[in-house]
Every structure is written in structure tokens, then in C-alpha cells.
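Quick heads-up: structures coming right below.
Shared between the two complexes below is subunit A, which pairs with subunit B and subunit C, respectively.
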Partner chain A sequence: MSLPTASALATRFDPGDRVRARVMNPPGHNRLPTYARGRRGVVEEVHGVFALPDEVVRGVARPRHEPVYAVSFESRELWGVDGSERSAVSLDLWESYLEAEPAPTDPVRSSPGGR
Partner chain B sequence: MSDDHGDEERAENTRRVGLLTSLLEERGVVSERELDELVEAFVARTGPGQGARIVARAWTDSGFRARLLADANAAVRELGLDMAAGTAPHLRLRVVENTSEVHNLVVCTLCSCYPVAILGPPPTWYKSESYRSRVVRDPRGVLEEFGLELDPALRIRVWDSSAETRYLVVPVRPEGSDDHGEEELAALVSRNALIGTALAGAGAG
Partner chain C sequence: MHGFGPVQPEEDEPPFHAVWEGRVYLMAVALMRRGLFTLDELRDAIERMPPAEYLAASYYERWLAAIERLLVEKGTLAEGELDAAVEGQRR
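On to the complex of A and B.
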């Protein structure tokens, strides 16, 4: 089976996009690891389109297929003060596990002369 | 989760597989001999040695290295290997490369996903609750337990195989291996080096 190329997909996100893993706690199976829920990351690459496991394990006859992205999360973003420097974790996440995250805007620091 | 739970689950799985195979044999779908041959053929064509071959070729052939990093599923077919030969033909293989700046490390925190179609079954420690839960939080601490003390300036990237992509690490080529042929180079690559818990040339693992 050949893998669909990223360009052939209708993808919501592109490499470099800032995203946030949704906070979700569905009753059934799900492959968004708990430790990433609610955390901000950056899309690294598009893996292709794959059946959504949440529906596959329920035996849905035609499970939804979605793009899967490698999303990189800084260790400190995931673990706070217990995270480590110069370290990141990349997770492979289905599109519906993600939402767009606006670019950081800090009115004080982004003003001229700030920083 | 305790080990007892794992043992119980294994016993239950063994029982179910036993029931299933005896039914398949009884109904003439497959014979015991055919099953044995399938398993033997699988074991013969998979294993850490296949990963070491991939790495050795990447070290010696820059064109192959580029193809491997861009599309590993296609590149490994040049070596007669095939991700689609396993039980899950749709899986993507992604090869990540260690450099003087980045060290890559692979885990599956949700279960024990691993490039089985190429490397065979994962080592026991890879499936342990301890490795899976700790390596994402404290990769340097876990690596130290493997006897690996990385330069603090090195960035660590942990790849949690949470979906349908499987990861394989190309370690840094050891110094002093310039005259080595592919076979000699492959001998420097342990299974742990392919996962990122060892460096190449650091002894068998």
C-alpha cells in the first residue's frame, strides 16, 4: 500500500504551525497520550492519512480517516519545572486531536523597544 | 500497573491463540507445520541485524542516506526489506538521524509499537512500564541507566510512536571506522543503538 503524499492531502496544518493538543477524555479508546493533552507544540511533518483508532476499535464500518502529524512538544511545556532543558518529545497525532494555537503575543514585549 | 497484570494478560493471550490455532488446524485451514514455517521465515528475515544493514548502507552511501531520511519505506526495499511484509502493511517507517547536535530516542508510551517487520520483536525493557513512562519525562536519567552519558549540550528528541509510524535511529558513525566495509560497520550497530539507548560501536546490546 502506498502512502499518500502530503501534497495530495487536505491537511489543516502545515509543518511549522503552532498547535495545541485538545483536552479530551472520551470514554473509549483514544491515542492522544494524557501527558500531552492541553499542551502546545509545533507540527514537524505530515505522516499521511490513517484511520482514526477511536472509531476502528469500536468496530465502525467505515472509520474516519484523518491526516496524522508529528508534533513536537518542548520538555518544559509537558512537564513544567520537572522537564529538562534541550529536550523535546515528538508525538504522532490525528488531526482531530489538535487545535490551532495562535502565535504568542505579549503586548509589552512585542512593543517597539521591548526585549 | 503491576507485572502480575502483564502475566495474566499474556496467559490469557496464549490461551486464546492456542484455541484459535487448534480450531484452524481442526478445520484444515492451516497446519501446524505451515504455521511453524511462517514463524521461522519471519524470524529469519527480521532482526536487529537488518537495522544494522540499513545503518551501514546509510553511512557509506550518501544517496541512500538521503532517500532513507526522505522515504524510508521505499529506501529499505533497495535492501530487500519491506515494512509491508509484517502484519500491518500500512505502517510508515521514519528514520531519524543522530548528529553532533541531536540525539534521537524511540519509545511507545501507549503500548509497545516498534518496527517489528524489520527488527523483529522489541526487547523486554522497551515494553516495560518503567521505560515507557520515564523516558519521555527524564530521557537523560534513563540513558544514564543504560550507561550512556550524553554531552549536556546535545539536544534530545524523544519520538513517542503514538500512531502508525515506526521509528529507527541512525546513530553517529564511530570515529576510526573510515576504512570499514559495510559488513564491519554493521557489526558496530547494536539493537539498542537502533532505538537510541546506545551509541554505535559501544558493544553489543
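On to the complex of A and C.
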């Protein structure tokens, strides 16, 4: 229980995976910006395993270590009609800030009355 | 906080807009290297500023406020010690 072991390095997400930032509002410090909560993004890169800042700042003796991912969010996904077609925001996010996002469904099949 | 519109990047923005900003930055780096606090704690201390002070402060003013807060919380500085030292400089 000191440094992360090889099994602790197992990552839930890979580059290219679609994810959604969790909607969460815990008291205290964390590294998930409010504007990204609930928004969909794509994993760009796995940075490695790092201590969870939420626990570090509370002085937890052995803070949880988690994989950290660079996640890209399209401007329109974050800012809606005020976003731009040509920009995106890349955030470094700890694994527990993220959940898997299913692939987009076929609009024809999923709409009522579709074939 | 929302409603300020898009970020307007400054052309050829320098790393620091005044000499004191560079000093504050370096002071934070030196204190972190000495293990007095971590970058996570610095960020947390900025977020714990009184909201009105946070909104009125510039970027490096927030860093300075966070450094002062952490040094007092960790007992490196006594409460009021910094104010007394500044007062002493003025005399």
C-alpha cells in the first residue's frame, strides 16, 4: 500500500474513448471545472497515475491514486450556441471524474416510427 | 462565474506584467521545492479566498494571498507577522 502497483496502473479508458464528465458538487477542492460537468468529451491521452488532489488538500495520509487523462471537449459542447466550430478545450481529469459515454445511436433507428 | 464572454488572448503576452508578479511566482516555486506546500494546496488556498477578495484580485494577487494564507495555516508565519514586518519597512 505505498506506491501504485502494476495492477493499479490499469486504466478504464483508452485514447479515442468517448466519456462524460460526472455531475458532482462535493465540498472543497477538485480539478473538474464546473463548466465541464455533465459534458461529453473524447480521451486524447493517458498521462499516468497521480494522487487525487481532492484528498491531497485534505491531508489524507495515503491519498487515492488514479489514472489521469487528457480529455478534449468541443467548444459547442461546453458553450452551446456561443461556442465556436473551430475550438476545443482539453482538460486533465482524474478517472473518478469520468464515466463511459455510449456511442451515438442511429437517429433513424432510435426515433419513434423509425425503421 | 459566467457571463464574461470568450477569453480575449493578449497579443505577444509576456509571462509577467510587472516585476512583482515574477517574484510572487518564484516565491511559490521556492516554497514548494522546500516542501512547505504543494501545488494542489496552493490551488485550494486560492479557492478558499473570501469570494469578494477573489473577484477583485488579479491572477498573481491570488497567488500571493494563497501563499500568505498557507504560511500562516502551516505555522511558518504567525498571524499578523507579515503585516508587522511591512509596517516596520514603512518606518
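In this text, the second predicted complex is superposed on the first by the 99 of 115 C-alpha atoms of A that agree within 3 Å, B and C clash if a C-alpha of one lies under 4 Å from a C-alpha of the other, contacts with A are read in each partner's own complex, and residues count from 1 in each chain.
Please note the rule applied: a contact is a pair of C-beta atoms (placed from the backbone, for glycine too) under 8 Å apart; a residue touches a chain by one contact, two chains touch by 3 or more.
For clarity, every value in this text was computed on a predicted model and none was experimentally measured.
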| Who wins on subunit A residues touched, subunit B or subunit C? | B
| request: For A:A100, select first, second, both or neither according to whether it touches subunit B, subunit C, the two together, or no partner. | output: neither
| query | Which holds for A:S90: it touches subunit B only (first), subunit C only (second), both, or neither? | reply | first
| Which holds for A:V23: it touches subunit B only (first), subunit C only (second), both, or neither? | neither
| said: Applying the document's definition of touch, where does A:V60 land relative to subunit B and subunit C: first, second, both, or neither? | reply: neither
| request: With the two complexes superposed on chain A, say which partner A:H47 touches: subunit B (first), subunit C (second), both, or neither. | output: first
| field | Residues of subunit A that lie at the interface with subunit B and also at the interface with subunit C | value | 35, 53, 82
| query | In the complex formed with subunit C, which residues of subunit A make contact? | reply | 28-29, 35, 53, 56-57, 82
| task | Going by the contact rule at the top, pick out the subunit B residues touching subunit A in the complex. | result | 73, 84, 89-90, 92, 94, 109-110, 136-140, 152-165
| Which positions of subunit A touch subunit B when the two form their complex? | 1, 3, 31-33, 35, 47-48, 50, 53, 68, 70, 72, 75, 78-79, 82-84, 86-94
| request: Enumerate the contact residues on subunit C facing subunit A in the complex. | output: 2, 5-6, 38, 40-41, 43-44, 47
